[in-house]
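A quick write-up on the structure given underneath.
Per-chain numbering from 1; labels A, B, C, D, E and F assigned in written order.
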Amino acid sequence: MQLGFVSAILPDLSFEEIVQFASETGYDCIEIMCWPKGKAERRYAGVTHIDVTNFKPADAQRIKAILKGTGVSISSLGYYPNYLTPNAQEAKAVTAHFQKVIKASAMLGIGRATTFVGRDWTRSVDDNWPRFRKVWKPLIKLAEASKVRIGIENCPMLFTNDEWPGGKNLAHSPQVWRRMFKEFPSKYFGLNYDPSHLVWQHIDHVKPLWEFRDRIYHAHAKDVRLDQDRLDDVGILATPLQYHSPKLPGLGDVNWGRFFSVLGEIGYHGPVCVEVEDRAYEASLETRKAALRQSARYLRQYMP
Amino acid sequence: MQLGFVSAILPDLSFEEIVQFASETGYDCIEIMCWPKGKAERRYAGVTHIDVTNFKPADAQRIKAILKGTGVSISSLGYYPNYLTPNAQEAKAVTAHFQKVIKASAMLGIGRATTFVGRDWTRSVDDNWPRFRKVWKPLIKLAEASKVRIGIENCPMLFTNDEWPGGKNLAHSPQVWRRMFKEFPSKYFGLNYDPSHLVWQHIDHVKPLWEFRDRIYHAHAKDVRLDQDRLDDVGILATPLQYHSPKLPGLGDVNWGRFFSVLGEIGYHGPVCVEVEDRAYEASLETRKAALRQSARYLRQYMP
Amino acid sequence: MQLGFVSAILPDLSFEEIVQFASETGYDCIEIMCWPKGKAERRYAGVTHIDVTNFKPADAQRIKAILKGTGVSISSLGYYPNYLTPNAQEAKAVTAHFQKVIKASAMLGIGRATTFVGRDWTRSVDDNWPRFRKVWKPLIKLAEASKVRIGIENCPMLFTNDEWPGGKNLAHSPQVWRRMFKEFPSKYFGLNYDPSHLVWQHIDHVKPLWEFRDRIYHAHAKDVRLDQDRLDDVGILATPLQYHSPKLPGLGDVNWGRFFSVLGEIGYHGPVCVEVEDRAYEASLETRKAALRQSARYLRQYMP
Amino acid sequence: MQLGFVSAILPDLSFEEIVQFASETGYDCIEIMCWPKGKAERRYAGVTHIDVTNFKPADAQRIKAILKGTGVSISSLGYYPNYLTPNAQEAKAVTAHFQKVIKASAMLGIGRATTFVGRDWTRSVDDNWPRFRKVWKPLIKLAEASKVRIGIENCPMLFTNDEWPGGKNLAHSPQVWRRMFKEFPSKYFGLNYDPSHLVWQHIDHVKPLWEFRDRIYHAHAKDVRLDQDRLDDVGILATPLQYHSPKLPGLGDVNWGRFFSVLGEIGYHGPVCVEVEDRAYEASLETRKAALRQSARYLRQYMP
Amino acid sequence: MQLGFVSAILPDLSFEEIVQFASETGYDCIEIMCWPKGKAERRYAGVTHIDVTNFKPADAQRIKAILKGTGVSISSLGYYPNYLTPNAQEAKAVTAHFQKVIKASAMLGIGRATTFVGRDWTRSVDDNWPRFRKVWKPLIKLAEASKVRIGIENCPMLFTNDEWPGGKNLAHSPQVWRRMFKEFPSKYFGLNYDPSHLVWQHIDHVKPLWEFRDRIYHAHAKDVRLDQDRLDDVGILATPLQYHSPKLPGLGDVNWGRFFSVLGEIGYHGPVCVEVEDRAYEASLETRKAALRQSARYLRQYMP
Amino acid sequence: MQLGFVSAILPDLSFEEIVQFASETGYDCIEIMCWPKGKAERRYAGVTHIDVTNFKPADAQRIKAILKGTGVSISSLGYYPNYLTPNAQEAKAVTAHFQKVIKASAMLGIGRATTFVGRDWTRSVDDNWPRFRKVWKPLIKLAEASKVRIGIENCPMLFTNDEWPGGKNLAHSPQVWRRMFKEFPSKYFGLNYDPSHLVWQHIDHVKPLWEFRDRIYHAHAKDVRLDQDRLDDVGILATPLQYHSPKLPGLGDVNWGRFFSVLGEIGYHGPVCVEVEDRAYEASLETRKAALRQSARYLRQYMP
């Protein structure tokens, strides 16, 4: 396994600086954010550490040159928009951009792209399914052709009233994953497994590793703290941020020892990337860097 | 406290027969269903053991005569429609009917009416609020004038995709109750407390008794069994019947000893009515009667 | 479901007296022990409440006459020897006797016979398998022909050094049951499910009900108390009675509410028979009767 | 075992009436309060159902006559003052009265007397010891001579600031019991075991039964509910009623199934007497009687 | 947050040496003990790393010079006597000395002084209150004038019979803290929060952070191991060291991940100082230094 | 305490290389495997880092020279065969070899030898005892004469059907240890305590440290993960590897904080050696080295 981080937390640094920071801090890899340049639409989105819009072999050469000799690699190109948004124009644009992400990943020889499947959050899983099938068929074709494995993060993308009721990503539970992989059995379609989202959904966050062992292509190391006193007041029908908080690894309820224990046992040898979304560490670039240093110290006791 | 049951489970019996059954079985009281005559709209609804449509003093006399000497009383008149349904005509009709329920309760000298507050299930709690305020203001006025205390059951009325996402009753959590009672501080507006709905919402099902001790006007004794193995597959974003089952008291996860311990301690002296919605006991009238007998045996160890 | 008891605990009473006791105590049925007359080979064995050795239609008539009008029925004929004992002569004899049990059950119109599959306790499960296959093939054939469903109790029959290491009954875990039913898919071959034996094996004692819902033909209500302080001294490699004790229902670690909750949910409508093996109640006939009265009081809160 | 109750909860009834109530309610025995006539010094104290002050054979005959044929016996004569109070005059008086209790018990052929050892609550256990030794030596001598076994209840007698810091009874923990029985190994000196006091002391309330199996001469069935939310505010250094409440059996945290399971296993065949100190049931004689009826229903599921 | 340690564990080192050790070991700060020179009255007391008795600007300069460039700062000046001791002369002396501590803290620009409020351990909280109010009024005035925030450690100072029954510091529970801050709402009066003392008091050691978020001015990182087997023998009425042991962080029952998770979330940015009172590490200066090194390794996984 | 590792995991390195690796990785000591040269009989066995077959003072000198100045010492000479195997010739050979191990340990001034007691796995503990007594008497004599303390590892040596039913080492539980030390009270006969084997035996893995505090001469740091889902299928009568997996420290169910907390408290100052048997780290020499690095990082947070 390789320890990495998601570059979204360091939007103020350039690609070069991020690689440099990773190298100094003892990280093995980075999931690089590849949003199109422009204004972010939500917290942690809109970061562009590699611009894939007009990506050419020379760009790939430049990036490889920067990485060379640092001991740091790119675990994946990440882009997390909503392909199934009710806004048809937006849906078309983000789908087109993800195709560029896939192609850039191939050109860079990374072989992974990480994202969501999206969701029309006003509609049920069933009601989203026909559109999911239609939108994703060509994307998976492209992934196969490009030999790039797509890792779908299992975040429900449901936090506050803004995403109520359904959230902006269908892929939130083992039940849905099973249905997704039945729909598209392609080996280029899998998961970017993040245990933290399972915790607040009251799903065992380690058990699914056994069943989906062949579909885990990337992993996120984020934690969450569930506050039972708050849950006792609002219940699970409330919007999730009313009763839980995203935290650095070790500051929440994920059982990391058990997580890495089983992850190793199923033969996973890929990247595990720290995703920082802990508001207690967002004050400045320095505190965000400190968050990454602390996370590495914490996780290295469970990782080679 | 008095042990009772909700009459909805015995739709095939007349009022007289129900009273007779209660008396034989050792029940102290009954919550009598007062739906308008006609077709039920959902399971357990549409039962009419007292028809309040055109209720007159003579009707009240007849009912009192039936009860006399049986040792059985009526704990409340119950009617559980959706006053905030998007169907304006239906909303108007059910609201008008509830006014008749309140008046009948007053005429019978019961002093309690039990119901939901309703909800437009397609909209958030905030978005429902203005209409809630408008619809309930006159109902509470009537309750005050009639000296009938309204007990709102805390069932989210969310089971399957039919009620997704919001359910058909706003009053599902302590947070919402607090807001309701801030909106309407009237002493004629309170709760019909059912601990089982709190269990699957992952809310402590005993703790709220302390804060809302002055608002508990009626209580339901229903149980639910949470199946963690199923929850591990679907998570809390699934529709609730995918991971829990309504059960008879003692066959689920409610801690009845603790429930009655605190219920007694806060000075509650009112009715606790068994609500049978356990599919394992629905095969016949006889099995439904057996369910009520078993529930009484179980609960009497915790009640006077 | 019907509440019954295993007749082995009342060896000093005749069949008539047992039926009388059951009727007075509110039991619905009895599992009648049918050992061949003679000396018992171990505690709780060797009891003959119906002698099937030379069973004729007239015997069946006599038994039915005794039961008539008592409200008590026979849930099963029970006989629990070791068909796979290394002692070939004994194996032959007990197998022959079980055939008589099956035939008597058919003649009495009961349709159930309850037993173990046996085991050569000095050998592993795998090493026992060929003989299990050979011995049970004709027995299941006979059961099919007689339309008598065989319920195998899941007791490992391992208590002290006498049965070390393997115990005298192969059918001790879901893994083995699955293998048994793969070997013999006959609908006349199923389980006499006793949750208590799963408790000390550290197996969830309710979960298997879901998978084996179509194979549960009879059930035993026995409890066990696991003593962690003793287990902390000897560990699970010790003989089981060093760390647990058989107890009456309610005096051990079985979660009876959950057990009956799921038993009802899977549609089980058969007998549940109290099996008394609690040494604290063995002093006299009167204390053993008291054990059955207490068990009925305890279990009736969870049963119709 | 015999199910009984402590007569202190029914001060308004005469001895005859209490026996009558016990008989009707299905109780096997009663622990009879024998305070000297006069004003009670604290809640639940000062009750005189048998006046031992001037007890004569004729009194014993009268009492036996009342019991005859009722199926009810006296489990013990109870008197619970503070023999080690700093008030020397009071200490002398209560000690003298307990001698009368012992003698009356002998005359009635009961053979048990139940009480506390007392404590100067302003001083530590060590500082109380010399006086404990001195006061109890003659009492135990008398008990031996009278063949009356003394059962010391393990209540710390610490509730509010009135008994702060030490409480009015030394015998509160296994550590102290061991020291007591080392001091006085007499077989006429033992425990009146009440599991509830161990619960709020955070002592396993079943485990000590094993070590002290030969010293348990009487038992109380009382329950307590520990309120963790309150404990989280005040901690264990607060006076105990700030974080726990005495309750009827089944309405608190005692594990009654396990308690009776081990009680039976250690061979205890004596009385278990319900002690009602639950304020939710103190409103009237009728509610206190209801408390005893409910307690019997609850406990009979675990007792013969 | 800054990681520090309490200097009391290194009495054999001079101030310069301690700063040097902190710097080498990766500590950010030190809570410096400022007892008056002389003989220690109890374990861990009586250490003088800065002598404030006759503290002058030149002393402050000298200290600042030593710190300069080391990366180490002083988190607070600490002095932990009993201001409310029954010994009036001692009380007067220690109060006078704490005034010098406050003034020195101001002169050094530290702005924090850490201590206890004290207690007459033979009397109840209520009985101590008038004197607490009288003694602390002028101290808080001085703190305000000096702009030095006082952090009261929440140690009950109750270990063995020496401090029985009340301990030597009133500030032991959230209930008492609330009363203290109601008495003195000054923003210069707050807590030196140590989670370990809450553990053995059976108080949630993280929950109070939410309510007292504006009062936490300093924190101690000490752990305790609660031994349930011992508690099962002696109960919570025993002196606390009979059932728990102070330990290094990570070797006890404090949930450090959750502690730092909430500490960060409430916006705490101050010092967290390791307090070593673990007897297993007291053999020599070298083992005590090793304790501080180990504690830093352990805590850094949860801290920036 | 000293942190070490068991050399068996690095069979491809020479003694010099192992010492070098330990020194670089921050290990204080190594338990050196001393199997006779030749083919390994089972996984992790058969490793010879020091050949004691013909061990002479010059060999000792050479070894000491290699260690000199590295900061690394030898914690023990380890050899783990089965002295009680039914194969008499093998038993004789391995017993003879262990005598050489003891002598080499003495010559090297180490003073410890670590091993099993062995077991005829087809027979009960009782049946093995006479032979255990006979075989070990002379070995303990030799140990005493050589002043070498023998540490018996508490591994049951039961994994799969190969060692069924009894395993190849009697010393598996506190009950057996007590018996062993009663048999041989020699201070040269003690334990090589490995908490992981207690976990899957459902024995508290910390509690025995108190009782056996004077017998712990060496310790292994291995972890195991118990998989309840698998245990729910097979139960404790299955062979142990069906429901648990050996893992690196931190990746299993051992509570390391509590383990080291009590280990320190009982005054243990000896070696704690990481034993790597985690299949997820066995791919290559590099992954096995990584396992040792990770284990050191994990354990150092709990150790000086």
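The working rule: a residue touches a chain if its C-beta (ideal position, glycine included) is under 8 Å from a C-beta of that chain, and two chains touch if they have at least 3 such contacts.
From a predicted model like this one, the values you see are computed outputs, not experimental measurements.
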*What chains, if any, are shared contacts of subunit D and subunit E?*
none
*Chains in contact with subunit A and with subunit E: which ones?*
F
*Could you work out how many touching-chain steps separate subunit B from subunit E at minimum?*
2
*For the copies subunit C and subunit D, give the interface type as same if over half of its residue numbers appear on both sides, and as different if under half do.*
different
*Taking each chain's centre as the mean of its Cα atoms, which chain lies farthest from subunit F?*
B
*Taking CA centroids for every chain, report which one is farthest away from subunit C.*
E
*Between B-C and A-B, which chain pair is linked by more C-beta pairs in contact?*
A-B
*asked:* For subunit C versus subunit E, what separation do you get between their C-alpha means, in angstrom?
replied: 64
*asked:* Taking the mean of the CA coordinates per chain, how far is subunit A from subunit F in Å?
replied: 43
*Could you check subunit C for residues that touch two or more other chains and list them?*
207, 301
_Touch-based graph of the chains, sorted into line, ring, star, complete or other_ = other
*Can you identify all of the chain pairs that touch?*
A-B, A-E, A-F, B-C, B-D, C-D, C-F, D-E, E-F
_Quick check on the complex: what are the subunit F residues that touch subunit E?_
207, 257-258, 260-262, 264-265, 267, 300-304
*asked:* Under the definition above, what is the set of subunit F residues touching subunit A in their complex?
replied: 225, 229, 245, 247, 250-252, 278-281, 287, 290-291, 293-294, 297-298, 301
*In the complex, go through subunit E and note every residue touching subunit D.*
124, 126, 156, 158, 161, 164-167, 172-175, 198, 200-204, 207-208, 228, 231-238
